[in-house]
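My questions will all concern the structure given below.
Lettered A, B, C and D in written order, each chain numbered from 1.
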Amino acid sequence: MSATNIVLGVIGFDCHSVGNKILEAWFTESGFKVTNLGVMVSQEEFIAAAIETDAKAILVSSLYGHGEIDCAGLREKCIEKGLEDILLYVGGNLVVGKTPFPQVEEKFLKMGYDRVFGPDCSLEKVSEMLKADIAAKAK
Amino acid sequence: MSATNIVLGVIGFDCHSVGNKILEAWFTESGFKVTNLGVMVSQEEFIAAAIETDAKAILVSSLYGHGEIDCAGLREKCIEKGLEDILLYVGGNLVVGKTPFPQVEEKFLKMGYDRVFGPDCSLEKVSEMLKADIAAKAK
Amino acid sequence: MSSSKLSIEKFNEIRREILQTWPTGHGLSLEEGIAYQKTIPEAKNFAVAMRKASQAGKTLLQPRAGVALIQDHIKLLQYLENEGEADLLPTTIDAYTRQNRYQEAALGIEKSLQARTSLLNGFPAVNHGLAGCRQVTESVKSPIQVRHGTPDARLLAEITLAGGFTSYEGGGISYNIPYTKKVPLQKSIDDWKYVDRLVGIYEEHGIHINREPFGPLTGTLVPPFVSHVVAIIEGILALRQGVKSITLGYGQGGNLFQDVAALISLKNLAHEFFAREGFKDYELTTVFHQWMGGFPEDEAKAFGVISWGAAVAVLAGADKVIVKSPHEAMGIPTKEANAQGLRCTRQAVSMLRDQKFPIGSEHRVEIEQIEKEVRSIMEAVYRLGNGDIEAGIVAAFEAGVMDVPFAPSVYNHGKILPMRDNNGFIRVFNKGNLALSDDIMAYHREKLEERAKAEGRNVCFQMVTDDIYAISKGALVGRPR
Amino acid sequence: MSSSKLSIEKFNEIRREILQTWPTGHGLSLEEGIAYQKTIPEAKNFAVAMRKASQAGKTLLQPRAGVALIQDHIKLLQYLENEGEADLLPTTIDAYTRQNRYQEAALGIEKSLQARTSLLNGFPAVNHGLAGCRQVTESVKSPIQVRHGTPDARLLAEITLAGGFTSYEGGGISYNIPYTKKVPLQKSIDDWKYVDRLVGIYEEHGIHINREPFGPLTGTLVPPFVSHVVAIIEGILALRQGVKSITLGYGQGGNLFQDVAALISLKNLAHEFFAREGFKDYELTTVFHQWMGGFPEDEAKAFGVISWGAAVAVLAGADKVIVKSPHEAMGIPTKEANAQGLRCTRQAVSMLRDQKFPIGSEHRVEIEQIEKEVRSIMEAVYRLGNGDIEAGIVAAFEAGVMDVPFAPSVYNHGKILPMRDNNGFIRVFNKGNLALSDDIMAYHREKLEERAKAEGRNVCFQMVTDDIYAISKGALVGRPR
């Protein structure tokens, strides 16, 4: 089985690059083919890359607090561009200020993200979930 | 006017001696005649000293947490021994555990103490109050 | 544009353009700004406060803070001043403004009004304009500084300096390489030349404005020599434009001895290179940043990190310490959490301020090591620039002769890999093209092998990852699990 | 009673008496206690844990904790073990039990049951008896110690050691002078001879029990030499009765260099005097107490104090650190606050454990200074006792040749007045009758004059008061306002 393509990047005007470099290394090692767009990625760039690489999932990071504004509408744009089935994962410090995670999760699930992660998530579990979610979609 | 007598001590089986030494120095300097009974003072010793020195006030310290048990009944015993008019001040870490001060105050006011102080009290204000309270009683 | 002082004609030409880029810039008068600054009492002047702290051997405390709306921002600053006992105040600018996206910032203000809470990660000073800034600076008692991360900070500087701020953070390198992806280095250096010249003009009119290059860069395992080179060069570029009060920064590395050595060497080296460039008339002070990398989520543990940073700041003799909060790992702190960070820091700073830290011989070795490393890179920069530091640094970044770890900019080589040695000193594992001599690298390698031996594994990339997570997971060195 | 080893006849005679003093002592069997101790896994043995920590260069974390009721106490300890990540557990005994007032303790248990919260400031182990103690020690995974302040701790020792505790804090001096008012020193020393002999008997039966004299004494401006003398003498007295595992303690003074010097000299001096007394076969470890004097009320500030204590413990190379909580100034901590203190400490300890602290020449001066002071007092003690340390120390306290600042005991001279110098080192202002030579005192005086000059006031009693309040008010040295 050839490796699954995924797209990775930090959305908006967010410059936090350390976690992004670690995620790239992690998912590559976990057997994915990663297209890492780096920091300061627009929704359009995410979608274009996903289409170009026929990616099964887009992994969006937002660390700097503007996640609520930057991440809204990505699901709709994906559908518009024909990416009805693509998985959307989002993670990082998604909102401004320390907030109970369930509240954050609810917000982003409502925006159409499939899974939402805090900064403390275990990357091992994330890649397991991702594999399972992709497999489930394939059925 | 000759100096007013007051009695000072740490009640029960409490060994905290540092604050006691400071209180002795402070009230002496503020013009009181201080009988300092030191640490580990029983209710009976407080009363005996107050009678002997014709004290206007007893200043009870409790730091170690057993204040609630050790301080109960002192007012009644004072009355029993004819010290109806004596002022009872109490201060320190009066109960076990960090507790909102109003709750502590209420407890000890109910026990018959005239004034209740936390460990953070300003000694300047205490001696002012003490002078005022003694003057008010004298009228 | 050359590396010399910006001519007044050129300055004015740029000024006209830049004021047009957003309505709040239209018609801004420099004269009026200078006149306004003259009304600010000396006690609120940042440059004066830094000088006095340095003379008295004090370490001043400054938090980071900024929210979307003016009234909330004022309340926040007053709280930090009163409940937090901050000596110096900040105004942290939001990330849209930092990218000159005033339209998005406007949307952020609007959404924040609706949400009744700040949806922006800072104060959008350009959108709030001159009047908004003055409202802020007038409602506090302490010196106040603009803190941001803006590669093109010209309009922001015009508005905030006229708005009564007396210190301005940033620089053409330190606000580019760690903060952006696609801004050419020459562009940000040029744009910061304008900012420095603006400060220089204020100085020429008798207004003392403090300038502070951003020391910690990416905040993640940055070896002292890397940030020192940037700090010193930005210092030189600022002095060239007439800046007089300069505060050089350094982000805590974690090892007490390396951090103290770093702060001592930073001051020595800055004086050395400022003199080499012919500068005499300046006030140099230092700032120490509490740990700038990933924090532990648990607040009690975060307090442990904060307090250790405070202690080292004092032992290293920093004139100012930038304070983190127990919310650091999770999100922008509430005002309460921010004040907690300040009070924890205050306690540590005051308990330590009377303690002398004598420098022993082992320690002097580390100071000399850092000095050797910095000089090695600086010589290469001068060489690449044919004696000119500005041309040199642009070329150096291009060639990877200068390189910042983990930075997002495509104009950064990105080959350097730092790593902790067995005592937690930050060393260089992979030098990429850094201009470090073989004997310097041999020293680093030796130190890293010491660690590898202690851990029973080879020096490897996994150690870098382990080190990145280490402090957030409760240790300094990322040992194997 | 002589200063030699307690005979088995005498021991048994005392034992019979002491077991009669409260019902839970009746019929207690030493053989059964030893047999029970043999069932305790090595991983739960305190003495072994201390030895291993020392060999590995680790600093173990231990909180203080104790409440009135067994089930609540177990929950508390389990919480500190799991959420607090404590390495070693305590059982702090309530203050009635410490005075052998088991009747009052019983009342406290009753009232606590009614109030549904602990009205006692510790765990009344004697009242709960053997079964209660075993319930506690069996429900935790870590080594567990009895911590108290009991001048006559014989019954408590019988019950708790048979109850499965593997370490016992205290000593005939350190649990008298700071903790009581009217107990003659010879009496408490005699009673502790029994405790040490009991531990010796366990040792002779192959049960390793750790003993820890209480280092910090009154916790308030205690100069290192004062607590060192007590620690060393209690160590000797314990070794004489057959104790093998001994942990000597020191309470943080506040100045990094004095504290590191204190811990280093404590170990050196203990080995020196233990050798002089002819002891070879013992395991010596050290414990550092985070600041034992008045704490700041603000929790963020308290974290600053806690974390600084943690850092110094590691830099000083202590094998164990006793941890305070952010509630310290206010009351016995909740389990949550206690765990916060532990986690803050853990963070600082782990960030520092890899950092070497080289001892420079200025620092060596302070180590030698402390050693000189301790030897000076020890010589006087030997002299007063005609070569016998036990007789000597009783006489020394009587004569004020040995003197503990601010202590409540009438058997303490109480003339010594300590004071901080300009760097925050604790020095002697008034030596009373302390056996310190003129040149030692000249050194102290010189240091104090340095401070007086810096503060523009004469060396005076007000400075002592200012120093007592200093840390709780946010500084180390009590400067004039």
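One rule holds in what follows: a residue touches a chain if its C-beta (ideal position, glycine included) is under 8 Å from a C-beta of that chain, and two chains touch if they have at least 3 such contacts.
Model, not experiment: these values are computed from the prediction.
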Contact clusters after notional removal of subunit D: A, C | B
{"item": "Maximum centroid distance from subunit C, chain identifier (CA atoms)", "value": "B"}
{"item": "Chain centre separation in whole Å, for subunit C relative to subunit A (CA means)", "value": "30"}
{"item": "Computed distance of Cα centres, subunit B from subunit A, in Å", "value": "65"}
{"item": "Averaged-CA centre spacing for the pair subunit C and subunit B, given as whole angstrom", "value": "54"}
{"item": "Listing of all chain pairs that touch each other, if any do", "value": "A-C, B-D, C-D"}
{"item": "Subunit D-facing residues of subunit B, complex", "value": "12-18, 20-22, 25, 38-40, 64-66, 68-69, 93, 95-99, 119-120"}
{"item": "List of subunit D residues in touch with subunit C within their complex", "value": "254-257, 296, 298-308, 310-311, 315, 326, 339-348, 350-363, 422-424, 471, 474-477"}
{"item": "Residue ranges of subunit D in contact with subunit B within the complex", "value": "94-96, 98-99, 101, 104, 107-108, 111, 117-121, 149, 178-182, 218, 220, 293-294, 297, 327, 329-334, 337, 406-408, 465, 468"}
